[in-house]
Structures are given as C-alpha cells and as structure tokens.
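We just call them A, B, C, D, E and F in the order they show up, numbering each chain from 1.
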Amino acid sequence: MLYALVANVTSKTAANGIYLDVDLQDSTGSTVGKVWQATEEQLQIIGGFIGKIVNVTGVKVTYRDQMQLKISNITEADSQAIEMFVESAPVAKNELQESIERYILLVEDPTMQRITRKLISKYSEQFYTHPAASKNHHEYMSGLAYHTDSMLKLADAMATLYPSLNRSYLYAGIILHDLGKVIELSGPVSPTYTTVGKLIGHINIIVSEIHVVAHELGLNSEAENESLMILEHLVLSHHGKYEYGSPKLPMMREAEIIHYIDNIDARMMMLDRALDATSPGDFTPRIFALENRQFYKPKSEN
Amino acid sequence: MLYALVANVTSKTAANGIYLDVDLQDSTGSTVGKVWQATEEQLQIIGGFIGKIVNVTGVKVTYRDQMQLKISNITEADSQAIEMFVESAPVAKNELQESIERYILLVEDPTMQRITRKLISKYSEQFYTHPAASKNHHEYMSGLAYHTDSMLKLADAMATLYPSLNRSYLYAGIILHDLGKVIELSGPVSPTYTTVGKLIGHINIIVSEIHVVAHELGLNSEAENESLMILEHLVLSHHGKYEYGSPKLPMMREAEIIHYIDNIDARMMMLDRALDATSPGDFTPRIFALENRQFYKPKSEN
Amino acid sequence: MLYALVANVTSKTAANGIYLDVDLQDSTGSTVGKVWQATEEQLQIIGGFIGKIVNVTGVKVTYRDQMQLKISNITEADSQAIEMFVESAPVAKNELQESIERYILLVEDPTMQRITRKLISKYSEQFYTHPAASKNHHEYMSGLAYHTDSMLKLADAMATLYPSLNRSYLYAGIILHDLGKVIELSGPVSPTYTTVGKLIGHINIIVSEIHVVAHELGLNSEAENESLMILEHLVLSHHGKYEYGSPKLPMMREAEIIHYIDNIDARMMMLDRALDATSPGDFTPRIFALENRQFYKPKSEN
Amino acid sequence: MLYALVANVTSKTAANGIYLDVDLQDSTGSTVGKVWQATEEQLQIIGGFIGKIVNVTGVKVTYRDQMQLKISNITEADSQAIEMFVESAPVAKNELQESIERYILLVEDPTMQRITRKLISKYSEQFYTHPAASKNHHEYMSGLAYHTDSMLKLADAMATLYPSLNRSYLYAGIILHDLGKVIELSGPVSPTYTTVGKLIGHINIIVSEIHVVAHELGLNSEAENESLMILEHLVLSHHGKYEYGSPKLPMMREAEIIHYIDNIDARMMMLDRALDATSPGDFTPRIFALENRQFYKPKSEN
Amino acid sequence: MLYALVANVTSKTAANGIYLDVDLQDSTGSTVGKVWQATEEQLQIIGGFIGKIVNVTGVKVTYRDQMQLKISNITEADSQAIEMFVESAPVAKNELQESIERYILLVEDPTMQRITRKLISKYSEQFYTHPAASKNHHEYMSGLAYHTDSMLKLADAMATLYPSLNRSYLYAGIILHDLGKVIELSGPVSPTYTTVGKLIGHINIIVSEIHVVAHELGLNSEAENESLMILEHLVLSHHGKYEYGSPKLPMMREAEIIHYIDNIDARMMMLDRALDATSPGDFTPRIFALENRQFYKPKSEN
Amino acid sequence: MLYALVANVTSKTAANGIYLDVDLQDSTGSTVGKVWQATEEQLQIIGGFIGKIVNVTGVKVTYRDQMQLKISNITEADSQAIEMFVESAPVAKNELQESIERYILLVEDPTMQRITRKLISKYSEQFYTHPAASKNHHEYMSGLAYHTDSMLKLADAMATLYPSLNRSYLYAGIILHDLGKVIELSGPVSPTYTTVGKLIGHINIIVSEIHVVAHELGLNSEAENESLMILEHLVLSHHGKYEYGSPKLPMMREAEIIHYIDNIDARMMMLDRALDATSPGDFTPRIFALENRQFYKPKSEN
C-alpha cells in the first residue's frame, strides 16, 4: 500500500478492452499504474482522482525494463493520510488553529470580530490546510495558517513596542489578508493558480467576500461603518506597492506595519530554507524572490 | 435672486443673538451671506446646505468696504437650476441615458445584462449626474455618463472593425468600469475624494457591489459563473498598469481594449479643452496628466 | 517542381570541377540542392537568387542518408507564385491598394496630398508587399499595407466620433508612418533588419525622404510650410515614447491618436493570433510584446 | 535670562566703535542681540558661540519698531540647560545609555563586543546626544540613541520569534549602523550635514573607523577574521538598496533584518508624529519620506 | 546711444497718427521706446528689427512716472557691436572658425568631407554665432562653435590614445551633431525653441539636411554609401539614450565616444560656471542638469 | 613538461594507499593528473597549489578510454612562466609600472602623494599583476594596472584641455580607485570574487585602507585634512550612480571626470575586443555590459 498524487489518468484501448494509465507521483518520483480491463465506472471514479492523494495497492511488475504497478485497489486517501503525505508546516495544524483562534478573541472591534470569525469559519478547512503561495515561501500544507500565525506573533510583539498600534486592526487584517488564497490556489498539494485566481486575485476575492459577509450580518456600508472600511483597506493595501499588484497603498499606520510584517515573515522563511541547504562559508544560489541576491552563511554557523 | 454653492456655514454670537455666515460661491467668486438673529432651526437647515446649490434672495449691503448679502430667503435649488448652475456635459442627461440604456439592451450575455441593469438602476441618479474625475477630464456634471457613452460608441466602432471582440463584454465592462466613482467622489459639484474613495477606491467599490448583486440575484460564484468572473476582471484591469492602481493587468482581449478606449476618450477630452484655450500657432501649457507635454495648435486651425 | 526560398549559395571544388550547394527553404524545412559542374555564369545567376523565391526542378537523391536535390532547372519565381508561397495578409493586395488610394484622395491638405502620393508611388511595389515587422505583428506579406489600411479605417471611425481631429493629418500621417520599413526590413519573405534599418531606422529614413520630396516638389522648408512640418512631426512621434525610440513625443492631437491607433491595431493582431491558437478555458503562453502577459480565452468562445 | 541658539554673529562699525549683532533663535523665532562697544576679546568669545546654546541676559529695547536685546551678559549654556532647550527623545538619556549598554553585554562574539564597546566608548558623548537625522525622523536630541535602542528591542523580539537569527550580529550591527552620524551631522541642535558628511557619508565614516579600531586592537584583517568582515557588511548594507546609497545589498539574514527594523522604526516615528497632529477622521498631509502618501486617522482613535 | 535687443514692436493709433512702441531689452532690464508719428516705412523697418540687436539714440523722458525713450534714430547694430552686447564664448569667433575648419580638412573620408563642408558653408553665419543650448550649458553667443571646437580637441586627444578610433567619423560627426540647433533655437540672443525646433528637433533637422545635401551632391543613398549612412548614424545617436530623445542608440565605437565627449564637455562647462560662483569650502546649489547634485569647491582652490 | 592551472586536488584511498586526483586546466581544457601512493607531505604541498599555475611532468596513460597524466614532478611555476601562461595586458608590466610611478610623482598634494605611494608600495605585487574585473573588461593579467595607466593618460589629456581640473586629485584618485580589487578578486588567473569582495567590495576595502594608512602616517582625520577627505570621496564616488553600487555620487569636478574616464576606458576595451572578432560589414553580438547593444564594423575597416 502506498500513497501517491494522481497527476493524470488516460484510458487506452488494448486487444482485450480498455485499460487505464494512472500517473502516480510522490516525493521519490513517478510511477505508471495500470488498471487492466477497466470498466466505464472505474474510468469515471479514477478520473475523478486527478490532483488528489490516493491510497493504492497492487503488484509491481517489470515491463520492458520499466517498473509498473498493476493496481488492485485505489481509493481517495483520508485527510490524515494526506497530511502525512505532503510537506507540512513545522507546527501542527491544531496548534495553529488554537493560536489563531486565540488572536481572533483578541480582536476587540466588534465589526472586525464578527467578520473575521464568520469568514474563518466559512473557509476553516481550506484555511488550515492551504499553502501560502505556489512557490517561493510557505508553499507547503498549512503554510497559509503557519504564515498567518507567525505574522500575528510578530504583530503582537510590535504592538507592545509601539503602543500606538491598534491590535484589533493588526490581528483582523493579518488573519484575512491572504485568506483569498484558498480560492486563488488549487489546493494543498502542488498548488497552482486557478482561473479565478489569475483573473481576480486573492486580494479582490477576499474583499468581495468581506463585503458580502458584512451585508449578510446586516452591517452598514463602508461609508457608514468605519471598521468595515478599515478592514477592507488593510487587506487591499497589504502588498504595499502598486507594482506588486496592491490596489491601494497603505494609508494607515497598521496597514504599513502589516505590509512590513508580511514581507519579513516571507523573507525569513525563504532565507532559512536557502541557508539550511548551504554549507558554512558558502553563499546560497541567487534567490529570485529576494532581488536575485546571494546570501552568506558564516563559517561559525552550524 | 441668485444661485450659488454653499461652501461653508458658521454660526457666530453677536450682542443680539446668533447670526450665520454663509460662504456662497459661484463662478465669479465668493460672497459672505448673513442671516441675522438666526434660529436653531435655520442653523440646522442652512447648515444642511453645505456643498449644495441654493437659490438665495437678499439685500446687498456694504460693510467695512466689503459687500455682504443680507439673506432674506435661501432654499435648495431644484435639479434643473443646478444643471444650469454647474458646467455640464455637452450632451443632455436624458440623451445620455437613452443612449446608454440602448447599449445595455445590446449586452447579450444574461449574467452581464442582469448585473449591469441592476447596478445602473440602483445608482441611476448619481450615475447620470456625477463627474468622471475630480480634475483633469470629464470633471463636470454628467461627466461620468458622458465619458461612458463616448467609450461605448468607440467600442461599437471597434467591434465592427475587429469582429473577434465580444460586444457583451465591451459594453458591460464599460458601463460598470467607473460606476464606483459615484461613491469615490463627493458629488457633481466641486468633486472631492471621499474617505471611502481614498481608502477603498472606485475599482474595488464596484467589484464588491458586483459580487453582492450576483449574490442577491442568486448567481453562482465567480468560479462557476464565467461571465461573472469576466465582468469583474474587466473592471479590475481597466487601469491597465499596476502603477496606475490596477489590481490586475488586462488578461483578455476586451480588457485590453477597454483600457485603451478609456485612455483615448480621457485624452481627447483633455486635448480638446486645452487646445480650445490656445491660439493658432501656439502651444498649450504643459499638461501634467499628458506626461507634462505641450501640444501645438496649427495656424490653419480655427 | 517546387517553390523555395534560396537562403544561401556556396560554391565548392570537387575533382571534376566546381559545384554549388544551394540552401533551399520552405515551410517544411531545409533541403540541399546541388548544381554539379557549375559554370561561372550559373554561379553568378544562382548566387543572385539568395533571399529570393525560386522555382526549382530536379531529381531527389539520397546521399549518406540525407536527401539531396540534384537541380536541373532553377529560375526566379514570378510574383504570383511568390504570393502563394509566403503567408499573406487576410485581404488581397489589390483591395488594400484600392482602399489606401481612396484615403489618399481624402487628404485635403495639398502639401500632404502631394508628398504622400509621390512617396507611395515611389515605393509602391514594396509598400504593398512588405511586412509590417520582422516579428510579433503583421510580419507577413502585405502586412505593412494591411496594418496601414486597418489604421486608416480606425482613424476614420475616430474622426467621426471626435470631430476636432483633422482627417488630412490622420490619413497622411498613417500612410507614411511606417513606409520607411520598406528600407528597414529586407523584404516580404523572412524579413530581417537591414544595416541601414539598424543604424538609421524606419522613422528617420522616411522623414529624410519626406524632406527630399518636399525639396523636389519645390515646397518651402518646414519653418515656412506648416503642413510639411506637421507631417514630419506625425511620423517622428508615432512611437509615442522615448523608450520606444520615438525621436519626438506626440505634441499634436492627431499625433497622440496615431500613436494609439498604431498600438491598438498591432495588439489586436497579436491577440487574435495568440487566442486563435488557444483552447477555450485556457490561457495563451506569456506574450513578450504584450508586457509578458497571458490572455484568457473564455469557455464560451469558439 | 533666556536660552537661545546663536545662529550668527556679525561685527559692525559705529561712530563710537565696534558693535556686535548676535542672531538669537529659539522655538518662538529670532531676535537681534546687540553688544555695544564690543572688545576684540568679546568678538572672539561670542563669535565662538555660533551654533551653540547660550544663556543671555539683557534689556529689551525697541528701535525703529523692532525689538532688540541689549546684551549685558552671554555665556555658553551648560548641558543641562541645553537639554531643556532642545527637543529631546521621549526616554531620558541615562535610561537609553543603560539599555544600550546592556545590549552590548549581550554581544557574545568577542570581536564584535570589543569593537562595539571601543567605538561607543570613543564617541560616547555624541552618541547619546546626537539626533538620528537632519529631518524626517528622530531629528531631536538623543534621537540617535533612542532610534538605536528601539531597534535593539525590536531585534530582541524578532530573534525570539526567529531563532535562526544571530543576536550578536543583530545587536552589534544595530549599535554601530548609524554611529557615523555623530560625524555626518553637525550636532544635537539644528542638525545640518557637515562637509565630511556630504562627501564621505555616515556609512563609510563608521566602516573606516571599525577598520582602524580592529587594527588598533590587533585583530586580523577582514579576510581572516570573519566577525570583523560580517560586522562591516552589516553596516555597509543597512540602507538595503543601492538607490538609498547602500554600498552593498544585504547578503546575510541579519543584514536583511537590520534593514527592515531600521525602516520600521523610522516609519513608526514619522507616522506617530504626523498622526498626533491630525484630527480623528482626517488624513495627514502628504509625507514625502513615506512615498508622498497621506495617512488616515480613524474617528474612533483619540 | 545704447545697444538693445528689440523684443517687440507694436503700432498704435493716436490723435496725430500712428506711433510705435518698441520694447527694448538689455541686461539691465526693459525700456519702452517711442517712435511718434511713424510712417509705414518706419513700421516696416523697425518691425524687422524684432529679435535683433539695435543701436538706438533718443531722448529720455518721464511720462506718468515711467521713463520712456523718445527714439530719434534706430539702426541694426553691426556684428562687432552685437558681439560686445551679448555674452560670448571665451574664444573669439574667428579663432573658432579657423580651428574648426582645420578639423574639416582632417576629415579624410570624401563623402563626409563634402557633406560637412557644404553644410557648414550653408549655415556658416549662424553656426559661428549660435548658442549651443537655450539654458544649462554653452547658452551664449558662439556657444555652439565653442562647444564643437572643444569636443573636436577632446576627440583628437582620444584618437591618439585609442588608435582604433576613426578620426574622419569623429570629426565629421562632431561638427554636424548639433548643427540643427541653428534652426531649433531662435538665435544668439535670448535663445528660445522655435516651433520647428519643438516639433522636429535639431537631430532630425540636420539628418534631413544631410540627406538632401547628399542628394544634391549626387551621392548614392545610405544603403549604397556606407559613409553617408555612418555619418547620419553618428548624428542620430549622439544623445546616447532613448530617454534623452536619441532616435538611435550608439551602435558604433565612434558613436559611443561622441556621446561621451558631448556629455563631458557640457558637464565641464556647467561645473566650471557653478564652481566659479562658489566660495572655497562651500558647495554649489543643486544643479538640475547634473542630476540635482551639489558640488564641492575645495578650500585650497582659488 | 607542461604548464597548467591547478583547479582542484582531492585525495582518495586505494588498496595500496592514498592517491591524489589533480584537476589541471589550460586553455585547451581539463586533464586529470594522478599522484599514486601520495605521502602526507605531498598532499600538503600539492593541495597548496590550488588556484596556482604549476609546471608538471609525467607520463600520459589511457585508462578506461580517458587520458590521464601520471605525475612524476609538479612545482609551482615561476612568475615568468605564469606570465606566458595567462593572457596579459598589451603593455609589459614593467612599462606600466614605470608609467604609473611617473604619475605618482606628479601628485603634488603631499597627503595624496604619501598615501598613494604607501598603498601602491604595500600592494605592489598584486597591483601590477591583477586583472581589473572578473569578466567584461581588462580581465587579464595586469589588466588592473593597464586600465589604471590608460585612465591616467586620458586624465592627463583632459587636464590639458580643461585647466580647471586638479591633476593631483585626478592622478591620486585614479591610481587608488580600483586598488581594492587586489582583495576583491582572487588573483590574476581565472579571477573570481572572494568572500570579502562580495560582502565588503573593492570600494570600501580601499577606503578603509586609506583611512588606516592616514592614521599610520599621523595625518589628521578627514574633517581636518581636506586632501584626505577628497581622496576618499574620489574613490567612493567613482561608480557614478547609486545603482552601480556607488556609496556616494560625484560631488567634485574631478570625481565626475574620473567616473567618465573609467567608463570610457572600460567601454573602449570591450568595444575593441568585440569588433576585433567581427567581420567588416557585420554587427557584433549583443554585448550585455554595453546595455545589450550590437555594434557595427564598417566595411571599409580592416
């Protein structure tokens, strides 16, 4: 029995009927699984596994020098198995959930509390399993929640050092800032951009959602409800610069800080990963997302 | 009797009670109107005129070398008077309305039809009186509808020349592209940016509205309803470049064309205005919104 | 008998005299043609075919596993054959000529009429067969005239919508704007930049030509003849921005519009081509000349 | 008796001998002080007060409608008086000193410890009184130490959240990063750039000093002593981008973080100051050093 | 008797006939000259003096508190007087002429020789009196020839150090590179941009002239005459970058060097002028054309 | 016997003891040298040859189809042999030394003389053998001295044409401007960036050295010794623009000129090399360091 991602399924015709070629991938590479004399129903079911993690049993055979798996059984993996299969955040999902929910409680602004709670509740499953990006940083399972949680902790520390910062704004803004990625990215495994993700983008996706939720909660419009307006502004401006696709530049103290915290956490994540793979006294390769710079790992570090 | 914009109202205390200083503005400048021995009710009513056009009668008196108007009656002007007072689009409001509504009928895509119709209906009054900008181009009464109508006509001509263009997308996208300005800008007279306008912006304001209307109409979400997704994309990308605050770059043929048409119509409007004020054989002053260029008016032109 | 482009001719010495290797290309690839025991005269004639389309007959032989063509006859193809050989504009050359000549008649400014007529007459043959670019857009036979004609039609529509535009300026400016490409690019087939094209460029080539023609026609200099000055300005500024190699920025209403029309027509051409090769629901590859963007083809489109 | 900054001293000749015009400035504006029948010695002494805070006594007289101060006594103010005169950091100098010295003790790398200790000791007096900038942020007395201390506290918090960060590097780099400003800027009062400041700059000033101190301490050169090399790199790269005059881009994890912390602390300082001067519900004026943005102060804030 | 520039002439009608208001300017300011009872002939002649330096005699009268000059005689100044009137190059015109003509003789390429000689001969008078710019550098009488001559000398020195440079290309390119300024700028006194200068520009003006002269001299076209093509390229590319309005980037060794020499000579001229006006130990004001930098004048310099 | 660069040495264990694999490189490629039954001493000595040129003798054997060299003797090559082995500047080292030392004598400013002399003396050996860059220009043996000498000669010519330039500043600034490259680059053969080179950079390396040498010579600090300050400024600003890693922009006439001369000499070197490899009538390939331009070689050139 093994777990694998079904990358593709193709049906082919042989002398004795249709068979399926199932392209199975895991971290060790790619294997061809064969389902001989496949029924129409099998084609439907197994075709529906594309892009999902499955639990496969079968017999390994060698054909023309290549290993094949003659599949005897194939079912969708349960979520526990999926979590074991894919690279996950260094902190367990339930710990992340507990920590983030504690921060939601600390959002004292009632409008922000209600909206944040409702949206996290609506997208709870995806929020705690999605990656934060399709590449570069936090692109692993629960990466989104892990990134969000790290940002919350940094915001917490900064609000202590700079008491003029409003914790409600920081926490609610951070929790929602990237939530649109649950729609922008295809899923926890091998994330790619969805069509909606490309044409609308996670920022606008979530701002529209905030607007609808406010509507559903019977809140006033942005022009009458300052908290609603501010919450949307914090999300809209978190990319910080127009050239990074930010529809608005930060025009509030907390918007500026959320943009900085977002950057710092993503950069630390990329730097740690690159430097972990580098020998002391050497430089990392050029890192495109860090302005194409190389980074030095001191000899004394280990 | 005269028409004027009430720029400000302040109540002051004199020996014989409260009086009001009403700052009245028209195209010839500013006059102080006085309401002596004002009642609390007058203060409420006249204070409510700030930013509006009023119809004033009174007696002109000279006090310490300055002309004052001792106000005997002041009422809000009716819309017909307002239209005469402020600079208006060169085409009458009802003609614009007729033309734009004809184009709504030509939107064959049902999702786009319903959303466009509902939103124009919701904001009908503002849409047909608002300016298109706070300065530079179409910043006069009905400027927004006039700009929209010109763009529709240009789109019409282009769809004839380039048959691959989808008229539903062009028309619906154009009609909604700047509708958020009815919230972003304060109103038809002396438009300024509202707080919501500054922090959220007309693009995101209207995209959220489209999202809510789709919700109300029971339409599927963007991921399932391609027309909804496309409509939002057309609005989101119409500024064309990130540095102009476009949250998305145009990623559809019609998005690219709407961006171009928007530019051309705004530029023609600015050029015509600047060249009208220039003598043949001379150059206009440098025009900031046209990359700080000067433009030449041929001697043969008149 | 086949048609092919002669990409190169080299003479080599064998035991029994000189022979020629003729590199023949068509859309299916490359073939070596051999002319055995070639005379000096054959070398001269066939060498003169480099870069031209020829009509070849001969015998296919296989030598060391490679197909060769032993040439028995090779002559320059007539223009009709050439037109069949290379990719052509979607509108026939004579229709383009008819349409463009009609627009020349509509140039009411006499200076512009005479110069335009004289230059189009001088370069008539090349103008109606040249491509508009070496790659990206309208890079096929008659592409230059096709692009020019589309721009004229769009200008026509815009002059109707914006009556302040001067049709003489628009038409004359458009007809001449890219005429320098008949010298800048090598020819209708596999266009490459000539040395003059690289060092002088099509804009300056045609402006100098306008200057000389004005001289020949006994017209006054630019300083005395405003129409001559304007015509040169329209050509000089049509790239719109310095960074696109425009020696001057548009400083006239019509110059601004010609720049926009040029862009729109080139972009529509590139978009149509890219989207034609894309399946509904998919995105095109990134298109370098469109700021490296991808474009979406709706599922509903076919 | 009053305290004032001597902005200038000029000697003039009157019928009864030389007199001095002393340009005295405080936060309320400028006053002319007169020293009648001045001696050569007075000229020397008072001329030496230019740019310093003095303690002046005298009689106010009105001459040709302008208030003058007939000076009877003028002496340099003691440092206590100076501190009262000029705007100071919100934390007392001795508290800053205590806090920063505690961080020096936490620098575990011996090379960095010794260099940091020696340089702070060498420039101790200026370090704890200098401003951090000539304008924009922390441009008040002890601003440099206050900015340094805030950065250290933020670094402390971040090293707790991101354990891969080396505290020695962070603390030593931060303590020295702006120390060159004690030479770059003229002094705690009305800071201006010195000639050396303009031509060499605070970054290179302090890197040369580090190099010399290392030399004096008998340390090996940068090529042999990695800690020395790293310390210099952290200072050289803290402006983060070439266009901000950074001779090197950050190429170490801690260099990247110091750059971010520097930015955050300067921005928070500017934002707090601008928002303190803004009414709830209003926007600040455009702030040049914050990319010319305006910032919003929520109505709920007070 | 005084010398003045005639800035404008207007004829007005009084009771006793027409009189002329002659606007006279010199470095001390502006005076109104009156020609009472002017004849039609006087109007013609004096009107022709606009933009020229004249020699005026008359009587100063005061009318309504303003000084007027009742003109008794007004004639165009001879060139010697003009040279005294306006700021001139530090080298005499005839010396410049001699030096530049010597360099023309050193152009060994016959095409370049003939074209250069013919064009300098055609524009000889203006070439040796025109300024090189309307502001910033060499904006004085003969500034164009002085700048050209300095560039030739620097090219001479560089060709000695770098023998791969072709002296014919350098000298001919330099002599013609700015010749178009005799049409682009209004004249030696108070130079302004002409309409042709703004719409066509000095680069394209002179390239068209080169093209016409080549035509007149019976030379082959650029495609057949490499020297003609190179000469045009050198002129077209001398601004070096697109953003400086260079239609072509330098694509030859000599084009690159001419661009550098042009820059160096203009910059040395601006620096010398700014530093001459600065005290030792001080900085110049920010100089816009030198990227807004200040420059330091050492104390030891005098 | 052959000369080769030792690129790497690895010791491996075989049945009969340790043997060494010596990676030998010359312009023809790479060979494996074998030292069988190597002693510990041999490992030490030969390991020390990495990055150096050696003189090797041995027997060529073929093992598994690959040529190996069984090394019998290997010693470090003497400097004469090294000079023959690597590409050298077109002027002999001793001529360069003679010329540069003559220019040091012409530095009349005593501070600059002493510092320049002391630093050139300290780094004499490396200065006259190092390349000027790791690629693009002057990347050959003695390239640094050759580049320096060419710049001095050009400065000499320019100081003659522009007498306001101070020769002491020019000569001292040029001699030291790139001296830091003896530490930044690994050595004359196959230069790569050292760790110190990457993290500190040649500009800051040499400025720190100037500072230390001034200290050792008992000179006053920059604030008191204007010549020292100027010398450091000239070095700090020679890259001319922040984006090229210049910590300071040129703020002196001589700083501006050194920046220009540096550019011109590097560009002439690259152009000469690229054009030497190009046929008359052709263009060079695109040259990245010259803004990705191609350059034309005239047909008449040979």
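Assume a residue touches a chain if its C-beta (ideal position, glycine included) is under 8 Å from a C-beta of that chain, and two chains touch if they have at least 3 such contacts.
Treat the numbers as computed from the prediction; the structure is a model and nothing was measured.
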| item | value |
| --- | --- |
| Chains touching both chain E and chain F, listed by label | C, D |
| Numbering shared by both copies at the chain F-chain D contact, with half separating same from different | same |
| Most distant chain from chain B by Cα centroid | F |
| Where chain A and chain C are represented by their mean Cα positions, the distance between them in whole Å | 49 |
| Rounded Å distance between chain A and chain B, as computed from the means of their C-alpha atoms | 41 |
| Multi-chain contact sites of chain E, meaning residues that touch two or more partners | 195, 198-199, 230, 233, 251-252, 283, 294, 296 |
| Chain contact graph, described as a line, ring, star, complete graph or other shape | other |
| Chain-chain contacts as defined at top | A-B, A-C, A-D, A-F, B-C, B-D, B-E, C-E, C-F, D-E, D-F, E-F |
| Residues of chain C touching chain B in the complex | 150, 153-154, 157-158, 160-162, 164, 166, 226-227, 230, 233, 249-253, 256-257, 260, 263-264, 267-268, 271-272, 275, 283, 290-291, 293-296, 298-301 |
| In the complex, chain E residues that touch chain C | 183, 194-196, 198-201, 203-205, 207-212, 215, 222-223, 229-230, 232-233, 236, 242-248, 251-252 |
| Touching residues on chain F, where the partner in the complex is chain A | 195, 198-199 |
| For the chain E and chain D complex, residues of the former touching the latter | 281, 283, 294, 296 |
